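Sharing a structure here in structure tokens format.
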Amino acid sequence: MSRPGWRARTPLAVSATLVVIPLLAAIFGPFVKLKAEPGLPYERAAGHPLGSDGLGRDVLELLLTGGRTALGMALGAVAVAYLVGGLIGLVAASTRHRWLDELLIRPLDVLLPLPSLLVISVVAVGWQASALAITLAVAAVNVPTVARLVRAAALDAASGPVVEALRMQRESWIGIHLGYVGRSVLGPVAADIGTRITLAVFLVASVNFLGLGLSPTAPDWAVSVSRNREGLLLQPWAVLAPALMLVAFTLGFNLLADRLVHRTRRMAEVTR
Amino acid sequence: MKPLVQVTRLSAYAGKAVIVDGVDFEVWPGQVTALVGASGSGKTTSALALLGEHGDQVRLFGQVEVAGEVVVDSNGPTSAAAGVRGRVVAYMPQHPGSALNPARRIGAGLHELEKLHHPGEDVVTEALRAAQLPSDRATLRRFPHQFSGGQRQRIALAQALTCRPRVLVLDEPSTGLDSVTRLQLVGELLELAAEGLGILLLSHDLDLVRALAQYVVVLDAGQVIASGGPEVLPEPVDLPIEPATKQSAEPLLEAANLSASVRPRGRDPILREVDLSVRPGSCLGVVGRSGSGKTTLARCLAGLHERHTGRITLDGRDLPVLRKRSAEQNRRVQYVWQEVRGSFDERRPVLDQVARTARRLRNLAAEQAEAEAVATLARLGVSALVAARPPSQLSGGELQRAALARALLAQPDVLICDEITTALDEHGTALVVELLRELTTQGTALVWISHDLGLVAAVADHVLVIDHGRVAERGAPVAVMTRPSTEVARRLVRAARVGHEPPPPVLTLSADTRSNPQ
Amino acid sequence: MRSYAAQRAALAVLQLVVLSVLVFVLTSLLPGDAADMRFTETLTPDQVARLREQLGLDQPAVERFIHWLGDVLRGDLGTSLISGGPVLDIVKASVGATVVLTLATLAVVVPLAVALGILMGTRENGRLDRAVTSVTLALSAIPDFVIAVVLIALFSLKLGWLPATWVGGDLLANPVLLVLPVAVLLGRTVCLLSRQVRAGTINALHAEYVVQARRLGVPRWRLLLRHVLPNAAVPGVQELARTGDTLLGGVLVVEAIFAIPGFATALVDGVETRDLPVVQGLTLVLAVAALVINLGADLVCNRLVPRTELLR
Amino acid sequence: GSGGGTDQAAAQPQQGGRLRAVYAGGGAKEVLDPHVQSLFVDIARHKAMYEKLVELGPDLKPVPRLAEKWEPDAQAATWRFTLREATFHDGHTLTAEDVLYSLARMADPAAPERVAQSSLATVDLRRCRAIDKRTVELTLTAPNAEFPALLAGIGTQIVRDGFKDPTKPVGTGPFTFVSFEAGRSMVAKRYADYWDGAARIEELHLLSADAEARANAVQGGQAEYANDMTATFARTAEAGRTVKIVAAKGSTTQAFVMKVDQPPFDNPDVRMAFKLLADRQRLVDVVLAGRGEVGNDLFGKGYQYYPADLPQRERDLDEAKALLKKAGVLNKELEIFTSDASAGFVEAATLLAEQAGEAGLKLKVTTGSSQTYAKDLLTKGAIGSHRSGAMPIPQYITDRLLSKSPFNVTHWRRPAFDAAFAAAQVLTDETARAAKYGELQRSLRDEGGILAWGHPDFMVAVSAKLQGVEAVPPNTLDSARFDKVWLA
């Protein structure tokens, strides 16, 4: 615990940089116009700082345009999963009607052993190359776990004496559920979102890598890794550059999530 | 005879803070030495030094000699310390329940210690016998969670005894015990001392110390302020039993035929057919053994326990469960939780949470509410500075008083207090009692739940004795305390006299069946 | 306890039925059917139509499902629409490789993760702990396929030390085939598991009962082995059961890259070729496995730490 | 690398050893029944164990195989095939009855998946007969001078009379069956009594794997032969020394197909505009990585009957724009339907979209399912990707360009074209026939819906140990001739 400041700050800067670079590339990359002339496949020629890919496209340009799907689909999927699953979980936890709770949660229990792989491949095959469909599929396989997590966290908070005390003070519904229950759920949810986003990035990337997802000529990072890997020995950057972007994002996010988990755990220890 | 433990000029520092400051004491075989003092006075820190143990960031100085081995010298703990652990000094921690490995059968834990310290001897059976536990195979094969709280405490004792130590250190062994169980503990410890064991007792329960100790060391802020025989302790005070008064007005809160259960449709009731009534300005005391249903009764009245049948009325009108109460009904009936720490939001300052009551239930402005909160807390001995912190930074006693203030800010007509003095020392208790007395004179009715019969007798006008969810006995405190008519009441009252007069013969343990494992 | 088991079994049966319906509906929604998949440039539309009739695909979906369900209850998983062989054969043929792969991975992962987790946990926030944490964290951040691509390029194509594909190899004669696939699957699982074990170890080490056992003179190694490990293992076991699903995703990538004729490949092939009986059969097997694993994990945890409430 | 077979032919052939050849796998779709084959790997597998009456030469001209020679009547309606002295793996000698049984089996209406049913639909089984043990007479309902080529098509293997169980293969081929697992492998052993000289290798393993695994296997020494390799792999392999590339020049055809009955391609000007706007050289450079020849909107460059005298179509953007403007489709958005079904499809479509953009046309690439692409191409999208393997030109026309063709992806339905083709097919004089075919192809090139932009080399990777692999197009006699190769 000595010199916590030094130890804590350096990785924060590192992990933040790791996350921010791919994120910026994903958000602003498509607006950058490079004017790179198309070349021949797998060239390491001048004019292409990172060489060309299997279609003769500039790898740097691909890097700038390929993040939107690679990260966007994953982030979108997690957002949707939390929107749906979080809502289900919160409602199930806060309802006084046992049947409503059962109605919301039981079906999810039944879905739990459904292999997410199957769902995603079915959707991917059914709606060829649709980013939206894959995003929704990835979201769908995450809904049951998210719902259960949120419900458990909310239930923990909502059934405790704190809520009783707040009710004894005639605190408003909003005051209780947003002010206290929501805030108590936030800790576990934040920690979970961290890992869930990296998992979603992996899942989306794997689907695209396997050729089940986006069109094989899409500039997406995972697609690039997949399609260009046969040229790995001819022009390594076509594979390594997008791979590094993905890794930077997931690694940075992992580090941030780890830090968050540590923080919440330390807080829990203090309060115990 | 030489002392088993000789502590000389022991000091402990946490950073620059001095936790223990030049403490001396001895433990003799066959005798009980007690370390007493307010919470935070350094009792645990001093006792752990016998094992050469200390908390994070804490440094020990001075000299501790245990059975001839120096375990702490001027450079802190020595390598000899590891050798005395278990075999020479066995420590029973402050919360023995959590000191048992939930994943191991108790037999495994006991036999492990036997093999380590006394291989080949049958010390386990003997230790269990001394801890008044059966030593059959079925008991040994159970997991800790399959025992009641009191039994768990005795298992921890048995573990310590399995090491066959020469010194037994007991840290606050009586917290949370009802008077009967506490009395059993006294008997067990006296027997052990009689067998030649040296006992170091840490407690702020002065009655317990009076009943056990030959030597008493009083600590305050890490320093010894007095030491000697039990006579250094203040005289036991028997709070005067006030005669019942003011029976004039109509009943304010009434409950008729009240039953409650934790399972749906009233299965396995934990409260059965209770009738009670409280008049304005009066105080109803509720006593009973642990697990008898006192809290459940209180929660029914407060409207928090929804699975109940029967009728509760306020001013003659039906009083529904909390979420159906009107704002006015809500304000008029307030409840103070038994487990206070759990009833505060960890993320907000305590003061805000206290003041919130006045804002929500009495529509006061923010500043006004806060001023009132500060004033009430101050009367209870909690400064605004302390209350501005989040709950985790308050001591148990401070929090208990804050919870009371939180309820009082509603200016309730009925206040239900569930063991609200357990974490308080005598001064704190006096502050609370004084404030509540003042309120009753203004017409507030109290429902007072407590293990401390003396206190109940002092504050209550009428007493209910609850046993297994039923009212076993009721009447004026004088009558119940002096001429108890039921067995439960008799046992509770007799056991409560520990430390005030020579202890009665140890009660048989076989009667303790209330919390058998399922 | 008994009613709990009955409840659990009933839920499992319900889960299987609902799953089957769901899988059937999902795959039926896909455009095209198995007959279309067998369409080649040389088959006339008329030939395809006759084929569809022969496969029974012209029957209403509900009827086909009921028929399938009836067969399953009699222990018959049906025949593949594509190869015409029994589904059971396909399941058997594809399960082997995946099971070998998974078991090999677990055989490496579990001891490694437990050792690392305890090592890290006992040196909480020490230099070693930080180093190992960083390495496992970094490993877990690299997508499986990136690891695979890089490892193959390095160890197979550049150095020529390890085989890059199972094609043309015989696992029994050449167990080296397992090295790269297991290495790929290892990273993330080791990280997840060891972190759980680490957290469990730290929790256990701080637990009052471990402190107390030490006070009563239990020596250090015994403390780790008998008091810390069982409690530390619980989150690990639960995590292991939970990672089953994500592990399968990794297995698919690994199977695809190393051309391993395994379960995940068969499943995706089945979906792609609309071979419904095969998809249904594989899913059923997988779901049963998942249910059994979860139940097993619960039982193990309950054995390790009886307090973990079964009914939760 | 290319044509690696010829210079090694001089080296001393060796005897024995195990050859592992990897082909693109088909999973559960792979079959053992020679009459149901559709994949390269099936064809290779069946070639190892079975033979046809007729095979195709390197220029896709029919060459004798189990039939020593053949003789049509004047109308090309009745054909007499003289059989070779060959023995089946069970010791039985090939007879006319085997041929008749095989033809009947291919045509069995109860087994709709037998692939030769439509191509051999004109064989009148009731009037076919065995003249003697070694001579068989086949009668057609419609005369056809190209009939021998049809007998070289896929799914036309000769099986033993009474052959019922395809899981116990018995053929006349150079290898005898040992084991088979669909989607994984087939093992076969050298057949010592093979009529064309027993194989040199002892054991043949035919394995299934996708492109990456094929590359890894042959590079890692886990296979000696890998079929159908990509240009990128060829580049990589040529940089190393472990693997040789055997490339057959321009053996297949890559094209875009436009449906001539759907707008805007029902307008011949639009079709021509597309043919003019395509930058064929860039397509070949990028999609084929330069390993192929530029196409001239016709199938089968270098094959028998290919009109080699036609001028190469060049890119003319201005002309294309003018035509598009005339047709009123400039600045309209169109959709090109493609899929990952074959290497280079999506890439080519993406490039074409770029090139169309240069001509002022928005072309959106839609990627469909690879599994159903063959079927989808018939119905979906006005323009799509198309690839055709090696086959005789008349067969290509029969399968794809007649009103009744099962796989008429351009919806090219012209009664006059049908009639002219039918008239040409009955001509027994080869030069006359060639002239007629030439005319038909000329009209196709200008009016048809096929934009054939390139002829990729067909590449096979062989390990340094493997000798005797010929650089020939797939589907021809000397491709997958594992009885001719040897391990050094």
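So that you can tell them apart, the chains are marked A, B, C and D in the order they are listed, and the count of residues begins at 1 in each.
What we mean here is this: contacts are C-beta pairs under 8 Å (C-beta built on N, C-alpha and C of every residue); 3 or more make two chains touch, one makes a residue touch a chain.
Being a predicted model, the structure only gives us computed values, none of them experimental.
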Original post:
By C-alpha centroids, what is the most central chain here?
Top reply: C
Original post:
Taking contacts as defined above, which has more of them, A-B or C-D?
Top reply: C-D
Original post:
Just curious, how far off is chain B from chain A if you go by their C-alpha centres, in Å?
Top reply: 48
Original post:
Quick one: chain C and chain D, Cα centre-to-centre, how many Å?
Top reply: 41
Original post:
When the centre of a chain is set as the mean of its C-alpha atoms, what distance in Å lies between chain A and chain C?
Top reply: 21
Subject >> For chain B paired with chain D, centre-to-centre distance based on mean C-alpha positions, whole Å >> reply: 90
Subject >> Shared interface positions of chain C, touching two or more other chains >> reply: 31, 157, 256, 272
**OP:** Enumerate the residues of chain D that touch no fewer than two other chains.
**Re:** 212, 369, 371
Original post:
Which residues does chain A have that touch at least 2 chains other than itself?
Top reply: 125, 229, 233
Subject >> Contacting chain pairs - touch in the sense defined above >> reply: A-B, A-C, A-D, B-C, C-D
Subject >> Interfacial residue positions of chain A with respect to chain B in the complex >> reply: 160-162, 164-171, 180, 183, 270-272
Original post:
Contact residues on chain C for chain A in the complex?
Top reply: 11, 14-15, 18-19, 22-23, 26-27, 29-31, 125, 133, 137-138, 140-146, 149-150, 153, 157-158, 245-246, 248-250, 252-253, 256, 264, 267-268, 271-272, 279, 283, 286-287, 290-291, 294
Subject >> Contact set on chain D toward chain A in their complex >> reply: 211-212, 215, 230-233, 235-236, 239, 285-286, 289-290, 339-340, 346-347, 349-351, 354, 365-369, 371
Subject >> Residues of chain C defined as touching chain B within the complex >> reply: 207-219, 222, 226-227, 230-231, 304-307
**OP:** Quick one: which bits of chain C touch chain D in the complex? Just the residue numbers, please.
**Re:** 31-32, 36-48, 50-51, 54, 80, 82-83, 85, 90, 93, 152, 156-157, 160, 163-169, 256-259, 261, 269-270, 272-275, 278
